[in-house]
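These notes are about the structure you will find just below.
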Amino acid sequence: MLSALEGSQAVARAVGLCRPGVVAAYPITPQTHIVENISKLVADGQLQCELVSVESEFSAASVALGAAAAGTRAYTASSSQGILLMGEVLYNISGLRVPMVLTCANRALGAPLNIWNDQQDSMAVRDAGWIQLYCADNQEAVDTTIQAFRIAEHTEVPVMVCVDGFVLTHTLEPIDLPTQEQVDRFLPPYRFERALDSRHPLSLGTCVDPLFFTESRHSQHKALLRSMQEIVAADSDYAGIIGRSCGGVLSVFGSAEAEIAILAMGSVCSTLQEGMQIFSQERVVKLIKLRAYRPFPVSALREVLQGVRELVVLERALAPGSGGIVGMEVRSLATTMNSPPRIHNYAVGLGGRDVPIEIYPRLIEAVTCATEPVWFEIFDVEVERLPIEDR
Amino acid sequence: MIEIRIHGRGGQGNVVAAYLLASAAFEVGRYCQAFPNFGAERRGAPVMAFVRLDVRPILRRSQVRTPAFLIIQDPGLLNVAGVLDGLQERGGVLVNSSRSSEELSHQTGKTVVSFAATHLAMQITGKPLANVALLSAFASLTGLLPREALVKALSSRFKEDVLAKNLKLVDMIADRVPSKSWKEIADALST
Amino acid sequence: MLVLTRGSYALPGTSIDFKTGTWRTSRPLHKHWAAPCHSACPAGEDPQAYIANVQENHHREAWESIVHINPIPSITGRICPHPCEHACNRGRFDQPIAIHSIERFLGDEARQRGWEYPIDLGRGAGATVAVIGAGPAGLSAAYHLRRRGYQVTLLDALPEAGGLMRSAIPINRLPRDILDADIARILALGIEFRGRTRLGVDVHLDELRSDYRALFLAPGTSKAKAWSVDGAVPTDHRTALELLQEWVAVGSLPAPQSVIVHGGGNTAVDLCRAMRRAGVKEVHLVTASGLPGPDTEPDDIINIVPRELEQAIEEGITLHPHRTIQRLLFRGSRVVGVEMVTLRKLPTKSGQTGRIAFEGTETLLHADMVIPAIGESVDPTGLGTLLGGGREYLWPGNPFGRLEHTPGLFVGGDARGDRGTVSAAVGDGRLAAAAIDSYIRQSDDPEVMSRAVITFDHINSSYFEPAQRVEEPTLSVAERTDTAEIDRPLSSAAITHEANRCFSCGSCLACDNCWTFCPDNAVVKTVALAKDGSHYVFDYEYCKGCGICAAECPCGYIVMEAEL
Amino acid sequence: MTTINESAFDVEIRKAVLRSKLKERHRVETSFPRKRKEEPALAELRERQPAFRGLEAGHRACQGCGEALAARLVAEAAGPDVILTNATGCLEIFTSPWPQSAWRVPWIHSLFENSAAIAAGIEAAMKHQGKATKVIAQGGDGGTFDIGFQALSGMLERMHNVLYVCYDNEAYMNTGIQRSGSTPHAASTTTSPAGQERMGKRHLKKDLLSIIASHHIPYAASASVAYPRDLRRKVRRAMEVDGPTFLQVHCPCPLGWGHEGAVTIEVARLAVQTGLFPVVEFERGEVAGVMPLRNPKSVTEYLKRQNRFRHLFSNDPRAREEREHLQALADRNIEKFNLRGEGMDPLDSEGADTVRRGGLVA
């Protein structure tokens, strides 16, 4: 049923529909509303779960790990510094192949301190062995959250659902929450085969020496690659039951024949989508909305990039001293194409900088005028605000 | 698309006003979007929130730069730089103030409707929060939101006594402002 | 091929595949030492073993363990000077175990409850053996021979069996009903006793040697040794043994005003006490030995049951330790006192020890009577050439008492010349019986147990609590009579308490320490499987050889042995 | 052909079991398995021990490892219906070199500093599943006093039904003997070495137990491997409590402390008997019990047995000073916890380890 909900509230209710047994979280802006809303569900008796209000994000991830390893569906959420504080645990969870879901309310990393949205936090842990799914709007955030549990539990790879902080989490908009019955049909009760159980006492988290560590990393890599199919399958099964899809690993808007394409992740896709409608007279363009960043959908991307001559890759983060993060990976896959597009890599909307709709025509103009591909630039830098040496 | 910007101060229920406005619109079948200009400001500091209403799904997530309407929760905010920025030429400004609409229109050079919302809210709800009163006035001015929509929106947020008082406030405000004087603009933007 | 598990989990307890035993350079072993009490017991008892049974409240098993060695624990428990207690490692911690009390208790229990000697007569060899002398050595030999199934004839000059135990030990130390009952129980095993049969008078060696397959000679020592001080002898010279026997048999003693007894054994002390009770005002005991204490070397302590020494002092006996009589003082022909001199047992030039008198330490002691208590020798009557060449004893020269030049003839007890206690006599009888058995069966001498003796430094005393040794209640001096037993029995609870003080030196206490403290689970608890009699086995597949078990074994039962 | 749906996991288990059976050494059960006649007698006996065996033989701890012993005793007393977590450290490393594990209870190692948080998560899961299985978090002193302290404090504050056991061997032993917050004053470690200018660690051993007790938890206690009966009793006591409990178990590290493995227990015992390691119990923040010292021994007795204090026996005048300092610290402990015994007590520092024939029932 459609209702006007704040993004955080919607995500919280989606989590509740998944019937987690243990939720552990530590407050950090802009994730707080999610946890507050879950707490409210528990307080109102609408969700039977153990809510563990830990003393740090590090413990939040650890508690969730403990719970999931013990065979209970577990969930946590965080942002920014919190994600980094969890970092050590995140690697550990994925290495142990313990399924769980984490919502990252994306936020910039300090210093300087900044509570606003970009995606530097989830990018910083992109190699932690988690599946990362980015949401373009709150409906996707809800649907992806529910799908994430199934993906995690089928693949035994943890899933991070990335929801842009404030831009989505604090925005009220009409959202269709599936019914409990639908979610139950989609998501069977959690069963972890290697659960800690005194009747079946396994040892988890052993020490693996050089003789086998290479293989264990290979296995983990393979598991991530295999999860691609499960992401697609979960999305299509979800569509079958609930009637709505998130596009699997990626979606394309606009003309398939377009020679200009923009690739982006997260809420900026919505603005760009409207830009495409408003400024449709400009050029034929297609928008590639990348939902799965990990696993990185190499073949799906290669397919949608066929025939594209100019590709803009937008980032909400950067690798200082190198440039774009997503851009670099796209560039690398393009080298495997027969006629790769020229790739222009921009970071936009860092630390909450508004991404106005006008960005669309400006980008199109920039790439169509460019004589050389833009290796990497931070869009919208006000040069005069910079110290001389940094201009 | 109707874009609205709400100015207030931390603690005045600015975001609530935005959410209520969007929710009420949702109740009459509009697409809506409401979000704060997310800040770290504390109680008393000037803040903003944005509302978009449309008959089509709203995609853009940028801030509202050219609002059709401004809702200003206290007259002091009129002195804050940028409050009136980007207001569409035909747009209207709803201000909580004891000064007259005319006086303020003259001062700002915009179409201003004002009334002493805090005073009324204080009388009815016992709390100096103008947001619901302003919302009711906005509904009356634009004719966008029938009473039932407001009631539904308020019911989802308030309960029992607080709800009753706020509903009373809503009803009391409706004829304090020139009803439907902004309806034309609103309708024009709604197609 | 080993295949990676998801998330690299491992199955429980699979470390068992990893044999840490290969890390070891030394390994723990159970070492069954001889406990000092065992080693010190002249009878050959293993008190540590039967105390272990008492700890578990298995009194009958405990008693059976004793009578496997010594048939008369209720007697030795009363009268033995118990060198076991002196040797007891617990003495280095607080006080030694009151082994004699436990032994006595078990002997009394057996008699009172009518426990039968655990003897299997079925295996009887049937051959006949004669035992001459029904004192402790003879009784022990007869008993042990009977246990082996021999037909034993026990001969004694006196009408009743018991030897010195009957003739010379004060009744208040060894009630005769107890002696009678125990002897009766032994004889009832099928031993033929012939009293009033004096060797050389009523029977003769040659005739016995032809009638029996073997002979065990335990005639004791009944001939007073010649005694004089520089050639002088009191006119009223009587030996202590004579007087004591007279007192035990008839109940009368001479009662001068004051008496000096010269000697350091039980006979001397028993006589002192008897005379004191008979009315002698001043009784002096002059002895070359020292009293127990820091000044006295262990081998120089007076060979008397400590509690008896205490009782003697209580009763007013004056002791003159580390003294000897150098001169008799006469008034006419009558002795009026002695000159004493201080002496010490010291190493001499020859490398042995000897008693050295110190010039200038002479003192005079006046008394009406001087009685020597310096021992007796074997009565040669009927022994023919066995005691030739003026020898006082039979000196067999081996622990079995085998007289090398006369096959089939064995000797034991005081007559050996190197014994002095009932317990030693009991031990002689047991060893001789074993040797006689070997002789008759024409097999080799039985093996003599020779385990190393465990010392206190092998005991981990952290695991034991200080606990007061029990003492038998005694009659007060005023209550003491010639017949009532002075040392009263202890309760079963007191005995259990005392038994629980035992360190179990060199024997497994089954305390679980090794099992509890092994970081590697390499000590496995068992009863059925331990080949060495302990309750635990070492799992050498996993034992890393750290040595904690050895260090923390309270009993010194575990030692580390280097593995090369 | 069977039609039972076999999960990938089941298949893995089955294969592993088959592999192990080939080697004739394997168990999954926590109860003692049935007799297998073809097995050697010793292996069978191993299975039939009268105590639950939570930590199996074949782990790779050093000879005479106090921590291995402590963990073994804890697992024995707590099992089998228990789930263990383990901070990174020696215990974790030597018990779980894949594909082997010495644990016969469910066990998980995650990280160095989150043992308590992992345990809290498992406990929450047990609550949610309606199970009574108790959770024990384990860590060394590094993982408890230092890096894991925050997670531990949080777990205690939230009143999780978890027993946290700190195996206190007073330094980071796994990484090669670096000083920790638990390292005693003046002890030499590789990061607090004794030298010309220093007499070992300059700072004091953190009074962790008091800090823990100040969380107002139902039960917090210290124990020593030298007193296994006391240790077992405390584990059982803590297991009975529905709420957070804490045990600090003093366990010597022969390598790190510089003594022979054989004297591990003796050294541990001396730590208690000198007063340097007070064995105490707190309930709701109040001292509820102590192991009295019958005859407090001189700290020298303890110090001289360990190379980490060797420099305290040099000619340097500071050596004497530091010895006196340590003695004063021991005296302070004795005074603070009123440890001085009043005569003989069967549960005092000399009575608590008394043995008797037939072993310890407790």
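Chains here go by letter, A, B, C and D, matching the order in which they are written, and residues are numbered from 1 within each.
In this section, contacts are C-beta pairs under 8 Å (C-beta built on N, C-alpha and C of every residue); 3 or more make two chains touch, one makes a residue touch a chain.
Keep in mind it's a predicted model, so treat the numbers as computed, not measured.
J.: Which chain, with its centre taken as the mean C-alpha position, is closest to the global C-alpha centre?
T.: Central chain: D.
J.: Go through A-B and A-C and name the pair with more C-beta contacts between its chains.
T.: A-B
J.: Distance from the CA centroid of chain A to that of chain B, rounded to the nearest Å?
T.: 34
J.: I'd like to verify one number: the distance from the centre of chain B to the centre of chain C, where each centre is the average of its C-alpha atoms, in whole angstrom.
T.: Roughly 112 Å separates the two chain centres.
J.: Using the average of all C-alpha atoms in each chain as its centre, how far is it in Å between chain A and chain C?
T.: Comparing mean C-alpha positions, chain C is 90 Å from chain A.
J.: Which integer distance in Å separates the CA centroid of chain B from that of chain D?
T.: 64
J.: Touching two or more other chains, which residues of chain A qualify?
T.: As it turns out, chain A has residues touching two or more other chains at 96, 194, 201-206, 208, 212.
J.: So which bits of chain C are touching at least two other chains?
T.: 2, 6, 8, 10-12
J.: Can you list the residues of chain D that touch 2 or more other chains?
T.: Counting only residues that touch two or more other chains, chain D contributes 8-9, 28, 30, 95-99, 101, 103-105.
J.: For this structure, give each pair of chains that are touching.
T.: Touch list across chains, by label: A-B, A-C, A-D, C-D.
J.: Under the touch definition given earlier, write down the residues of chain D that touch chain A in their complex.
T.: My answer: residues 7-10, 28, 30, 79-83, 85-86, 92-93, 95-99, 101, 103-111, 113-114, 116-129, 133, 150-151, 153-155, 157-158.
J.: Would you mind writing out the residues of chain A in touch with chain D in their complex?
T.: Chain A residues touching chain D: 21-22, 24, 48-50, 52-56, 58-59, 62-72, 74, 88-89, 92, 96, 193-194, 196-209, 212.
J.: Mind listing the chain D positions that touch chain C in their complex?
T.: Those residues of chain D that touch chain C are 8-9, 12-13, 15-17, 19-20, 23, 25-28, 30, 41-42, 45-46, 49-50, 53, 55-61, 63-66, 68-69, 72-73, 95-105, 228, 254, 260-266, 269, 344, 346, 350-351, 353-360.
J.: Quick one: in the complex, what on chain A touches chain B?
T.: Interface residues on chain A, with respect to chain B: 3-4, 6, 29-30, 115-117, 165-168, 170-174, 267-268, 270-271, 273-275, 277, 352, 354-357.
J.: Provide the residue numbers of chain A that touch chain C in the complex, in ascending order.
T.: My answer: residues 95-98, 156, 194, 201-206, 208, 212, 215-216, 219.
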